[in-house]
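Here the chain labels run A, B, C, D and E in written order, and each chain numbers its own residues starting at 1.
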Amino acid sequence: MNEIGLTHILFVSTILFFIGVYGFLTRRNMISMLMSIELILNSVNINFVAFNKYLYADKLDGTFFTIFIITIAAAEASVAIAIIIHLYRNLKSVDIDDADMMKF
Amino acid sequence: MSNDFFILMRSELGIMLIIFFLLFLKVWDGITENKKILQIANVLLLVNFMLGFILNANGELFNGMFHTTNLINFEKIILNFGTLIISLQAYDWLKNHKHVIEFYILLLTTLLGMFFMLSSGNFLMFYLGLELASIPLAALVNFDLEKIKSSEAAVKMILSSAFASCIMLFGISMLYGTTGTLTFVELPHLITGGSLQVLSLIFVFTGFAFKLSAVPFHLWTADVYEGSPVAVTSYLSVISKAAMVFVFISILNPLFENMQLMWYNMLFLTIVLTITIGNLFAIRQQNIKRFLAFSSISQVGFILLGISSNSTMGVTASIYFLIVYIFSNLGAFSVIAIVSNETGKENINDYKGFYKTNKFLGWVMALSLFSLAGVPPTAGFFGKMFLVTAGASKGNYILIIIAALNMVVSLYYYLRIVKAMFVDENKEPITKVTGSTSVQIAIIICMAGVILTGFASVLYDYINSLM
Amino acid sequence: MTNLTILILFPLITAIAVLFCRNSAQIRWTALAGSAIQLILASLLMHSYYAERAAGNVSQMLFESRTSWYSALNIEYYIGVDGISVIMIMMTAFVVLSGILISWKIESLTKEFFFLLLLLSVGAYGFFISLDLFTMFFFLEVAVIPKFLLIAIWGSGKKEYSAMKLALMLMGGSALVLVGLLVTYFKTDIGNGVHTFDLIKISHQHIPLETQKLIFPFLFVGFGVFTALFPFHTWVPDGHSSAPTAASMFLAGISMKLGGYGCLRVATYLMPEGAQYYSSVIVLLATIAIIYGAFATLMQKDLKYINAYSSVSHCGFILLGIGMLTKTAIIGAVLQMVSHGVMTALFFGAIGMIYDRTHTREVEKLGGLLKTIPFVASVYIIAGLCSLGLPGFSGFVSEMTIFMGAWQRPDAFHRIATILACASIVVTAVYILRAAGKAVMGPITNSQYNELTDATWTEKSASVLLTFAVLSIGLAPFWLIDLITPDTQLIMENLARGVLGN
Amino acid sequence: MNGNFYIALIPLLPLATFVLLGLFGRKYLSSISGIIGTLSLLISTLISITTAYNYFLVDGKVNGVYQKIIAFNFTWLQFSPNVSIDLGAILDPISVMMLVVVTFVSLMVHIFSLGYMKGEERFATYYAFLSLFTFSMLGLVLSTNIFQIYMFWELVGVSSFLLIGYYFEKPSAVAASKKAFIVTRFADLGFLIGILILAFNAETLDFGTLIERLTNPASPYLINATTLSFFGMSALTWGLVMVFLGGAGKSAMFPFHIWLPDAMEGPTPVSALIHAATMVVAGVYLVARLFPIYSFDVTALHVVMYVGAFSALLAAVIACTQTDIKRVLAYSTMSQIGYMMFSLGVSSYGGENGLGYMASMFHLFTHAFFKSLLFLGAGAVIHLVHSNEMKDMGGLRKLMPITHITFLIACLAIAGIPPFAGFFSKEEILLAAFHSNKLIYGVALFTSGLTAFYMFRLYFTIFWSKPSYANASDGRESHAHAEHGEGTSTMKIPLIILGACAILAGFFPIASLVTSDGAALETHIDIVFSIAPVLLAIGGILLAMNLYKSENDKPQKLAISLGGFYTAAHKKFYMDEMYLFITKNIIFNIIGKTAAWIDKNIVDGFMNFLAGFTALISELIKGLQSGKLQQYAIYFFVGVIGFMLLFIYIWA
Amino acid sequence: MNSSTVIFYILAALILGGGIMAVTARKIFRSAIYLLFSLIGIAALYFWMNIEFIAAVQIVVYVGGIVVLIIFSIFLTHDSGGEMPEPNLTRALFAAFATCFACALTILYISKQAFIATQNVTIEPNVKNIGRQMLSTTDHGFMLPFEVVSMLLLAALVGSIVIALKTKPSPSNLPEGDALEAEKK
């Protein structure tokens, strides 16, 4: 475990973060966007857990943060999906670019 | 766990009690008449608002996760007050709505989230509060269930706010990584301005900027405001914003004290962009809610101007302005709520000739807009003056000049609406609308605030004394 | 009459009383009574001012009173008057009263009209008595919105454009003033790093030269916009010509004076070195305004435009007087403010009366009014004669004082500026006589004009009131000079303290 | 005589009349306004005569010199501790003389107008204006302060404006009144600048002090004023020339004379009062008032001299060709004032050298009588004929004998035929010119011949020419005229009185009373010297008689033979056209239009551009708010990256 | 290169690969499956770090909850099998560029940072500790956040129910085109 340190994990999480961002910026399906959000949140989770584990193991702050983030992600996803489905009923589309009635 | 608990957390507990009471109502099915429910809710909110005044206490609970001071208490009172007014002005809209209780539950949850955010002693609580204040809000935005715009706004709101909080979270995780703590008390010493901390400051800052809808992170604002039901729009533009400002004040400088220069520059950039772009967009708006969205963006720029001074003066000015802003914006929204509810019209052009048919409401709208524009004798003038004064205290005159010139531009678009109401001819003006007693009470309170807050220095002095 | 607050409270109360009136007759009479009493109050103020001075009170400001307002920022409600303010107040009272009289026949939204007029006057009174810069700024801005509404609602022509332009340009001016005020504020220190907005205290502070150089333009241009400083004067023609009669009177008579007063009281008095540093620029701009305004007037075809452009030219004299920085010139500038205030109000009043009857302001379409409505036409001619600086009227006194003062600057630049300014009086004569010759003299051009009725009693009283004011300055300027001179002396002393020297 | 406050009554009575008639005349006093005006002026006149009597005879001279007496004086407008506009009354020979002349002539005109203006709708207004004018003129005359004189100067100007524009429904009258006012105002600009220069250098506006400071060679003020130079002329010269400019304007000297002929649009009595006897000599009076200073400055004096002489000649030439009788008289006025002017110009201060000054004042005195007589006579004629044109007249001597006789007297006087008044004064002028400048003398001599010619051209055309007015083509109208006759007695009496004055004024011992330094001046009529001018005048009269005594075609032939010159003179040497060109094309079209254009397009355009520009930017950046959430997110993210770059690399 | 390292790299590849595929897959359903892989990989990473509790939560909540929710919603929106619309090309390029850039920058700074581990006594993140602290009000207790989150879940529940309840859109509130469409269907 000597070679694989915190930094490597952070690299993974950072890359995952930006993959998520990329997905959010490019995927036109709203549900896909939501999925990208989950990716981002997971990368943050990895960060917190890794920091807690490798650096600040005297307290469990990071771990708890992760737990709460996961919970919130669930809540957020449920509300978001409810809204998306509601919109879908009216708009008959989940393409985010179709949701541009309001602009300028 | 002692009496302190009840005193320190009384606002939160009050809100929670109301939420549970409403849940009970929902389940019990005893009172089904909307009007009754609304009256009960308003009374409860009023009581909760009053409750805020009884005692002032500084202290912390839960091992520092929750803390409150006189200032925070006052801020909560302000939010309570605003919510009460919004509840009053939403009466007409809600009395025919199918989900009144749900509306209140969600509304109060967000309020609760804001309270926790204000009282948070660490980033975890802050984050929870933030999410608590924004996720139900997205549901609220969708509350005009049969309107497609409302859903669209909700999608935009929840996705972009999730995105923003993700970015902010990433920043918080970095902060945690470099300091090992999430507690606000410990953080300032550990934040030294290392390069990762710079990154995290940027991420956290942009997160805030998003919530405050500062340019260039504001783009969701207008769409969401336009699509939401009027009551939610006013809640978003006033309460939600005020809460974020309060939190921003209590986080930005206390935490990043060692990086003052950096965040000042960030603020500088943001302020210039926010005021200017907000104004430039406000000029061209046709929908009155959307218009107020941009105007509120520009107002945020001014608030940030006050915050940028990083002094008691600035903080006082910001809080003072927010109170004034609540009065004025809610005044305007009350009129919009009445008109929108009774006629469904939300375009500025629909307001042409408004004064001919609705003298009182015309004046209310005009006074509110003047106050927003910062024109005396309304309180907005004082609010803006103090903000700009605070901003000038740093000696950054370019900022002041830009702000001052933008006040001119903003006057243009506020006057445009005044002109539409007072001057323009209209073949089919909005007919005489009155709104219910409850809305009128809201209006009268707002107008009293708009006119009196400025002249009476009491409020300002009181805020100042809380520092 | 030692409590000055009554000067702002009274019109305010009248304005509120107007809101509670039930029919237009009540509204008119309330407004009239209120402004008449206000004129009496102003006269009482003047009287007690004289009495106090005669009794040997030599303090700079009389009837001072201060109340802490926003103590955290050291903002005070601090009021007091000196001779200059007293006559400005007097002038305002005259113009307000006659404005109300002239507007007797306003039928649409009467209540709002009089309410706004009175509110506007509150702004003016407050501005003139304020000694705290914050309060002063407050009152300066109070007046903007009523102007906008008055023009936009009751105006004529391209009223919306004009009203907006006026509001924005004035707001722009006050934005500049705001910047100036704030920088000034933060440069003051009255101990323990406490800043102050107190005009008198600031005048005793030494604001660093560099700051003055930086800030003076903001203050001067900011206030200058109000008083039609070239090239920020373009709101004047449009605004005045679109405004209803009383609003034109207020605008030109009172509102433009706020700027002049501010330029003098705030910019020049507080920034003596800045004033000296920029003196030649001011003189240059003022001269351009005078000459160019006069020539631009020559080509105007609308009575109101003529008077509006001539106001640009005349207000140029105010700025010229201030820019010359000699005592006589500054006295002249103050006189010009008062004089132009009443004179232009009279002029706009006359134009309004003509317009009400003929429904046109086109010079080409009018003619022979002296025959059918001799009173109105005579008022127009009297105002015109005053405008072109006829001795016996106020314009002469002020313009000559400015010339005398300006001539005291012996270098070629100031000489040429003075001569050009003098030359404008010829151009003034040309455009005034052209307009008068065509519009009120000459043959009757429209047979309908034979049916016109002459001035009503309200219009007559308004005209008489203003003519009286114009004449009392023009015939007996000495009482004004006595009033102004000591205060001007103080301004000069402050200027003399400046290290730049003269 | 200090404390003689009653002097103030002289101007104040007309002022009171003006206020009274101005405010209430039209409604309440319409019928008796003439009487009121005349009576009040009568009192004024009596007081002035008493004053003159007291001044010249009772108080007399001190050390052989008439003193300047300040009857009263109070500070009106204090500019600075030393400099103030005072209002007061000065009594010295010229002001006293002018007092008498002004009040007297004005009285005559008032009386004449009672008949002439009878039945006018705005009768009261007319008298109000007349009173205003009289007041202003008297104030001007009595001024103790150069700024006071300027004030009354302007007032005189405006009363003249009001009176010329009395028939405001006639566009030509309105135009003339505007022209008069504007031209003189333009000249007054010079006056004002002159005052500023003098006041700045002498640090006073008071005549006494001013003269004292600028005539004492040792005074620092004078040294200062003469050493400062600007474009090659000293400050003093500039000041004096500028002041003279004002004088030239009011006195209709070249090139400001163009307003005077047009000013004849006013009622004829007004022309008699203002444009003949009083106002137009204000310029002469002004120069005379400041004469001690002028005499110190040769350049300024030369300007006065040449301008005066040229104007005299020019006007005389033009007068020969005009057909409107009032215009002829107007040009003759201008010519005569030219005389007075250059007479001052050839003079110097004190003693024998002050002859020109004395002569000028003398001519002013006599001219006032005969010229007002001429105008009133012309007025009577016009009253009868209802036309100003010579061609409508002729053979009137039978119809209006009194007018005829008095007119003849006046013509003889102006032509300089002894023993009529003009002869004496003109003699003195010629003498002064002869001693000083031969060129000027030549011009003066020639002009005096011309004067005789055109005056008698006028006389013969009106009163002789056609055999009898009754034979005129329109019999019915002539019948009406015949009945009309010479008008009321109020019209005849002034003619008779003035006629007497025109004969007698020449014998007035003015040389001992009104001189440059106040001391008496020995004058004598040099018979030999007088031969030339008198012969020339007689020649002129004979020529006129030959040409105009009866209707014939000689004048046309003469005109044709003179060709271009005649046309040019007839067209007043195209001066009006030139001015019109300048004002219309240069001032209005070039400067005015440019200014208006710049204002509308550039200055205002810039403001509108700012507004438009803001709107344009708003339009340009509207794409930011595309309504597409991902776009928003990208902007958000770009914002984050921007911040990263800025704060990590630039502002770190 | 020991086994742990190898496992880490495999996990990293799984996580990142799953992530990349999840955001690029053309079919939404596949995309969801890739996401599932990625999430499982993360759970595995937690196991690898010996934080079993979090790993378990990850699997339960994410894999068992959120992804299922997402898949349900994909079914609900009817086009689970269909291709998703092409991403806007310029937008995609720009986003790729921007994210790569930001990613590189962040990684650079992370690698530069010297992280210092605490020397204090460590607390094992086992279920017992977590459970004890979660419900404690003192001493690093997370009772309050726990309560807050429960409020949030309640609100989310209420919100979701209100919104997801089927309401018939009134055609008048639709934009014109959509109204027509709605009528057709």
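Keep in mind that, in the parts below, a contact is a pair of C-beta atoms (placed from the backbone, for glycine too) under 8 Å apart; a residue touches a chain by one contact, two chains touch by 3 or more.
This structure is a prediction, so every number in the text was calculated from the model and none was measured.
Engineer: So which chains are sitting against chain B and chain D at once?
Structural biologist: The common neighbours are A, C, E.
Engineer: If each hop has to land on a touching chain, what is the smallest number of hops from chain C to chain D?
Structural biologist: 1
Engineer: Based on CA centres, what chain would you say lies at the far end from chain E?
Structural biologist: Ranked by distance of C-alpha centres from chain E, the top chain is D.
Engineer: Quick check for you: compute each chain's CA centroid and the global CA centroid, then name the chain with the smallest gap between them.
Structural biologist: Centroid comparison flags C as closest.
Engineer: Please indicate which chain is farthest from chain A, where distance is taken between mean Cα coordinates of the chains.
Structural biologist: D
Engineer: When B-E is set beside D-E, which has more C-beta pairs in contact?
Structural biologist: Higher contact count goes to B-E.
Engineer: Once you find the CA centre of chain C and the CA centre of chain E, what distance in Å lies between them?
Structural biologist: For chain C versus chain E, the centre distance works out to 68 Å.
Engineer: Roughly how many whole angstrom separate the Cα centroids of chain A and chain B?
Structural biologist: 27
Engineer: How many angstrom lie between the CA centroids of chain A and chain D, rounded to a whole number?
Structural biologist: Here chain A and chain D have centroids separated by 96 Å.
Engineer: Between chain A and chain E, what distance separates the C-alpha centroids? Give it in angstrom.
Structural biologist: 4
Engineer: Considering chain B alone, which of its residues make contact with at least two other chains?
Structural biologist: Only 124, 128, 131, 135-136, 138-139, 142, 145, 148-149, 154-156, 159, 163, 177, 180, 195, 199, 222-223, 284, 412 qualify.
Engineer: Could you pull out the residues of chain E that touch at least 2 other chains?
Structural biologist: 88, 91, 95, 98-99, 102, 106, 109-110, 115, 118, 140, 142, 145, 149, 152, 155-156, 159-161, 163, 169, 174-175, 178
Engineer: Among the residues of chain D, which ones contact at least 2 other chains?
Structural biologist: Answer for chain D, listing residues that touch two or more other chains: 611, 622, 625, 627, 629-631, 633-634, 637-638, 640, 644, 648.
Engineer: Provide the full list of chain pairs in touch.
Structural biologist: A-B, A-D, A-E, B-C, B-D, B-E, C-D, D-E
Engineer: Can you check the complex and tell me which residues of chain A touch chain B?
Structural biologist: 10, 17, 20, 24, 30, 33-34, 37, 40-41, 43-44, 47-48, 51, 55-56, 59, 61-62, 64-65, 68-69, 72, 75-76, 79-80, 82-84, 86-87, 90-91, 96, 99-104
Engineer: Under the touch definition given earlier, write down the residues of chain E that touch chain A in their complex.
Structural biologist: The touching residues are 1-2, 4-5, 8, 12, 15-16, 19-20, 22-24, 28, 31-32, 35, 38-39, 42, 45-46, 49-51, 53-54, 57-58, 61-62, 65-66, 69-70, 72-74, 76-77, 79, 84-85, 87-88, 91-92, 95-96, 98-100, 102-103, 106-107, 110-111, 115-118, 120-123, 125, 129-130, 133-134, 140, 142, 145, 149, 152-153, 155-157, 159-161, 163-164, 166, 169, 174-175, 178, 181-182, 185.
Engineer: Spell out the part of chain D that touches chain C in their complex, as residue ranges.
Structural biologist: Going by the criterion above, the answer is residues 26, 75-80, 83, 85, 147, 150-152, 154-155, 158, 161, 165, 168-171, 174-175, 177-178, 181-182, 185-186, 189, 192-193, 196-197, 199-200, 583, 587-588, 591-596, 598-599, 603-604, 606-607, 611.
Engineer: If we count contacts the way the header does, which residues on chain C are in touch with chain D in the complex?
Structural biologist: 165, 168-169, 230-231, 233-235, 237-238, 292, 295-296, 298-300, 309, 327-328, 331, 368, 370-371, 374, 385, 388-392, 396-397, 400-401, 403-405, 407-408, 410, 418-419, 422-423, 425-426, 429-430, 433-434, 437, 441-444, 476-478, 481, 485
Engineer: Would you pull the chain B residues touching chain C in the complex into a rising list?
Structural biologist: Its residues touching chain C are 313, 316, 370, 375-377, 381-382, 385-386, 388-389, 392-393, 395, 397, 400-401, 404-405, 407-408, 411-412, 415-416, 418-419, 422-423, 457, 460-461, 464.
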